[in-house]
Each structure stands twice: as C-alpha cells, then as structure tokens.
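There are two complexes below, and they share chain A, which is joined by chain B in the first and by chain C in the second.
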Partner chain A sequence: MDFNEFFYLINLTVYAFLIGSLLLGLHRKIMAKIQLRPGPPIIQYLLHTLKFYFKEITFPITAGNPLYIFMPILQIIVWLSALILAVKLESSLLIIIGLYVLQKIVEHGCGLSSGSPYGKLGGVRSVFSAAAEIPLFAVVSTVYIVTNSLIISDIVSYQQIHGPLILKLPISAFAFFILLVSKAPNSPFGIVKGKDIVSGYLTEHFGLLAGLIYIGDAIAYFVLLWLFIAIFLGISNIFLALPFMILITFIISIINGLTPLLAPHHSVMLQITIAIVVLLDLLHRVIFL
Partner chain B sequence: MDIEKKVGIVCLIIGMLSFILMFITNGLISYLFYILFVPNILYGVGIFIVPKTRRKKLGKIPFRGY
Partner chain C sequence: MPYITYLGERMDLFYFNLTIISFIFGNFVGLEYSYRYPPYHEKRIDKFALISSILGGFLLLTPLYIIGAFFIGFPLGMRSGYGRIEFLIGLSIFVILYLIRWWYVTG
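For the complex of A and B:
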C-alpha cells in the first residue's frame, strides 16, 4: 500500500463515520419531530461519540478481560472490513453478509463479558434475534438467481443495463429494508438494545469503549445503507448515494417513530414470517423462471 | 499502572506495528493491517488522553449492589 491509497482509506473511513453519524442524528431529529418534540440537533450523535471518547473509564470488577475490551475493537474491525470490502473493493456480497453475522458475536461478547444481568439479557436476545439473518441469505440467493453473480460490481453493472433490481425483486428489497430498520436505533425490532433491559449489551461499556462502539455503529449504518442502494438501485458512487441515504433514513425514522418496541417473540416471529415470504419468492423463481 | 493503561500500551504497539506492516505489504494483507491499525490506535491514544477516574472504589460501578 502506498501513501495515496492510505489517505484514500482514511478519507473513506472518516467520510463513512461522519455521514453515518449525521444520518443517525437526522434519524433522531425526525423521530422527535414526529413525536412533537423539538429533539436534539442533527450533530448530536457526533457530539455523543466525541463526548464518550474523552470520558474517564474504569473496567467493572465483574468484567471478563480481555473479551470486555476486545469487543468494541472487534466492532470497528468488523465494520471497517465491511466498508473496505463493499465500498472500496466492491467484492462478494456473501463475505459482507458473513461480516454482518460477525456483528452478533460482538453483541453477544459485549453482553456476556461485562457480567451485568442487563448485558447478558442483551447478549441472549442478540442470539435469538439471529432470525433476522434468514431473510438476508434468502435475499442473497434471489439476487444471485437473477444476476448470476454475487460480486457487487457485477450486480451494479447488471442494473446499468437492465434497470434497478428493486423493480424486479420488490420482496427481497423489502426484506433487506426490514434489516435496515432492525439495525437503526429505536427500531421496533431493536430488542437487543431495548430500553426494558437498560441499554442491552451496551449497558456496561461506557466512556471510551462506548465511543468506540458508537464509531462502529455509525460506519455500520453507512455500509448497510450503501449496500441497499448499490444492490437494489444500482448506485455505487458514495456521493450520488447520499440523497438516497437521506431518503431511506427519513422513511426508517417515520417507521421507528410511529411503531412501539415489539416483544422479543413477536419481533422474531415477524422476521421469520418475512423470511418465509422471501424463501417462497426464491422457490418460485427457481421453479418457474 | 492499571489494567486500562496496560491494554492501551498493547493496543498502541499493535497499532504501530500494523501501521508499519501496512506499507510493507501489498494487496488484501495491507487492508487487513489497516483494519487492525485504526481501532487499536483509537483505543491506544484515547486511553492516554481520558482523565483519570475519580471513582474511589475502582471497578465497582453503580446499580450492582456496591
């Protein structure tokens, strides 16, 4: 790697973090407006991240080191890998979905390493909310059936010739959109970080460690939005994708602002229902097309 | 030295090694070192600029019966 590539990667990382944070701030602002509150400024997520980054920290006496400290670092590692593989290299969709599944290890590890009962509940809930990954693999299979490739650059070039995939695969796009909703804060599917268990797996990761997790979450939000736009709308340029990211955040905020947090079993059953619908769509395409 | 700072030093060493190896290597391996470099440097630098904790009983955080 030379210096030019290094600076490109640094720029990409900072861009993803800034855009992800601002979109999460916008998400919070729109939710507040829907609930007739003034809400915090749009840069609030960014301010929170900086605030936590400079806060004092002490490891809880019950924390299981080194897992406790390793998990926030792993969170950034996972999403930076996804950012480089998706946005920079436009590599295989399957690897990125695999990285998304690694996120569950972060949630589980954060929850269990802290020794807090709330964290443990968050970790346990993250395991059975793994039902959200079933529609994801069905989406990947359906995209493969249509485009004959799992490489993102191939999928984007397919759409430049044949038009956006969202028109051909509306059910898969819907399933992927539900994944975006479940990843956004205050989501009806957000049982892992539900307020009934304080902050779930994040409860005892405070101060600097919370700052690192916030950085990872912002990059994660950017990567997932970019992935949706690249796969279903065929736009891979990070600047051209920006208006669509704002639009999708707007729609997600309206859904999250108007929907209460589902009970864990309702959330899982709803996601399994969506998975069955996408699998039926896949079956239909395999047999009849 | 407390455990937070010890981990910080380890992270700084890993981060700096990754920084050097990133420029020596090419291809996917160099991206791997970049991915290791960013979070380790973030933690390693961060832990030395945060203020020292003012909590009297180290590690005994609230709401756990202490």
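For the complex of A and C:
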C-alpha cells in the first residue's frame, strides 16, 4: 500500500467517525424536539466520546480482564474492516454480513466479561436478538436473485442501468431499514442496550474503553447507512450519500422518538415476522423467476 | 484547493474533513459563548451570531469555505433557545447563493 492509499484510508476513517457522530447527535436532537424537550447540541455525541478519554481508567473487580479489554478493540476492528471493505473496496455483501455478525460477539463478550448482571443480561439479549440477522440474510438473497451478484460495485452498476432497487424490492428495503432502526440509539428494537437494564452490555465499560465503543458505534452507523443507500438507492459516492444519510436519520429519529421500547419477545417476534415476509418474497421470486 | 460547491469526484476528502472539524469547532465555540447568557431566550436575536451566520453563508461558496464552516457552525452550536433563527438566515443565504451560481454555471 502506497502513502496516498494509506492517507485516503485515514481520511475515510476520520470522515466516517465525524459524520457518524454528528448524525447520532442530530438523532438525539430531533428525538428531543419530538418529545418537546430542548435536547443537547448536535455535537453532544462527539463531546461524549472525547470526554471519555480524560476519565480515569479502572477495571471492575468482577471483570474477566483479557476479554473485557479486548472487546472494545474488536468493535473498532470489526467496523473499520466493514468500512474499508464496503465503502473503499465495494466488496462482497457476504463479508459485510460476516462482520456484522461479529458485532454480536462483541456485545456478548462485553456483557459477559464485565461481571455485572446488567451486562450479562445485555449479552444474553444480544444472542436472543439474533433474529435481527435473519431479515438481513433474506435481503441479501433477494438482492442476489435480482442483480446476479453480491459485489456492491456490481449492485451499484446494475442500478445505474435499471434504476434504484428500492422500487423493485420494497419489502427488502423495508427489512433493511428496520435493521437500521434497530441499530440506532433509543430504538424500539434496542433491547440489548435498553434502559430497563441500565445500558445493557455497555454498563460496566467506562473511560477509554467506552470511548472506543462510541467510536465503533459512530463508524457502524455510517457504514450501515451507506450500505442502505448504496444497495437500494444506487449511490455509492460518500458525498452524494450525505443528504440521504441526513434524511434517513431524520426518519429514524421520528420513529424512535414516537415508539416505546418493545419487550424482548415482542421485538424478536416482530423481527421474525419481517423476516418471514422477506423470505416469502424471496420464495416468490425464486419460483417465478 | 478544491471547491466545496463541486460535489463529487473533484472534492478532496482531506479538505472536507477539515471543513467538518472547523464546523464542529464553530459549534463548540458557539456553545461556550451562549452559556454566558440565561437559558432559553427564544425571541432574542444575537447580533454576533447573526453576523457570524451571514458571513459563514457567504464564505461557504468561496475558497475560504473551511473558515465559512466555522462561522456557520457558531449559531448552530449555541445552547437551546439560541441561534436557531440566526442559523436559518445563514443557511438560507448559502442555499440561495448556491442555486443562483448553479443556475449561472449550467446556463
């Protein structure tokens, strides 16, 4: 890798982090306005992230230390890899899904290594909510049936000729959108980090480690929004995707601001129902191809 | 130096990152500035924020757009109840000037 390529990757990472942070800040602001609160400034998420770097670093007595420290680092590794594979290389969707599933290991590992009952419950719920991945697999299969490829650059090229996939696959687009909603903070599907269990798997991670998780979350939000825009709207340019990212964040904020947190079994059943609908759509496309 | 109005391939990611950082810094300075005043004065227009916003709206269309992002971020970052109208005025100026120039360039 030459210097220019390296410099571009650094810039891309900074860009993803800053845009992800600002969008998550905007998300909080819009949610607050909907709930008739003044709300924090839109740089609040960024300020939170930076704040954690000046906090004292201690480890709970109950923590299983190697795993406790390694999990936030794994979070960064997972989403940086996803960023490079998706946005830079426009690589295969299957690898991105593989990385997305690794996120479950992060959540589970964070929760279980902390030793806190809230963290453990968050970890258990994380495994429980693996139902959220079923629509994702179904979406990818449907996209493959239509475009004959799983490479993101091919899918984008297909849309430049045949128009956006959101018009051809509205059910899949909806399922992917629900995935975006479930990854956003204060989501009705956010049982893993639900306030009923304090902060779920994040409860016992503080200081520098929490800062790392926050950075990972910001990059994750950026990557998932970009994936949705690239796969269903056919826009892979990171600058042109920006207005759509703001628009989608606006819609997600309205949904999250108006809906209460679902009970875990309700959340899972709803996601399984969406998965069944997408799978029926897939079946229909396979039979009548 | 690339030009912010030509969105797309010509835009350099490095300069765009600098613009965002400048915008965030403007937000931060605005937040600090507004905490000198009592909370929630909705009807009040801050002259300093208004000037900053208008200046930012103009500068965003020039090669000095990095500084423009700082100035337009200033009113947006102010605490709740402050800077909303000022920011919208600056943003409107930017959008109107951008559309005029786009219309002029495309013919």
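Rule of thumb we're sticking to: the second predicted complex is superposed on the first by the 289 of 289 C-alpha atoms of A that agree within 3 Å, B and C clash if a C-alpha of one lies under 4 Å from a C-alpha of the other, contacts with A are read in each partner's own complex, and residues count from 1 in each chain.
By our rule, contacts are C-beta pairs under 8 Å (C-beta built on N, C-alpha and C of every residue); 3 or more make two chains touch, one makes a residue touch a chain.
It should be emphasised that the depicted structure is a prediction, and the values quoted were computed from it without experimental measurement.
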item	value
Chain B versus chain C as contact partner of A:Phe239, first or second or both or neither	second
First (chain B), second (chain C), both or neither touched by A:Lys55	first
Touching partner for A:Leu212 - first (chain B), second (chain C), both, neither	first
Which superposed partner A:Ile34 touches (first chain B, second chain C, both, neither)	neither
First, second, both or neither for A:Ile43, with chain B first and chain C second	second
Partner chain(s) touched by A:Leu18 [first = chain B, second = chain C, both, neither]	second
Chain B versus chain C as contact partner of A:Tyr8, first or second or both or neither	second
Chain A positions touched by chain B in one structure and by chain C in the second	none
For the chain B and chain A complex, residues of the former touching the latter	2-4, 7, 11, 22-23, 25-26, 30-31, 34-36, 38-40, 42-43, 46-47, 49-55, 58-61, 64
Chain A contact footprint on chain C (complex, rising order)	7-9, 11, 13-14, 16-17, 20-21, 24, 27-28, 31, 40, 76-81
Residue ranges of chain A in contact with chain B within the complex	1-3, 5-6, 9, 13, 53-63, 65-66, 69, 72-73, 76-77, 80-81, 84, 88-89, 116, 204, 206-208, 211-212, 215
Complex interface listing, chain A residues touching chain C	7-8, 11-12, 14-15, 18-19, 22, 38-39, 41-43, 46-47, 237-240
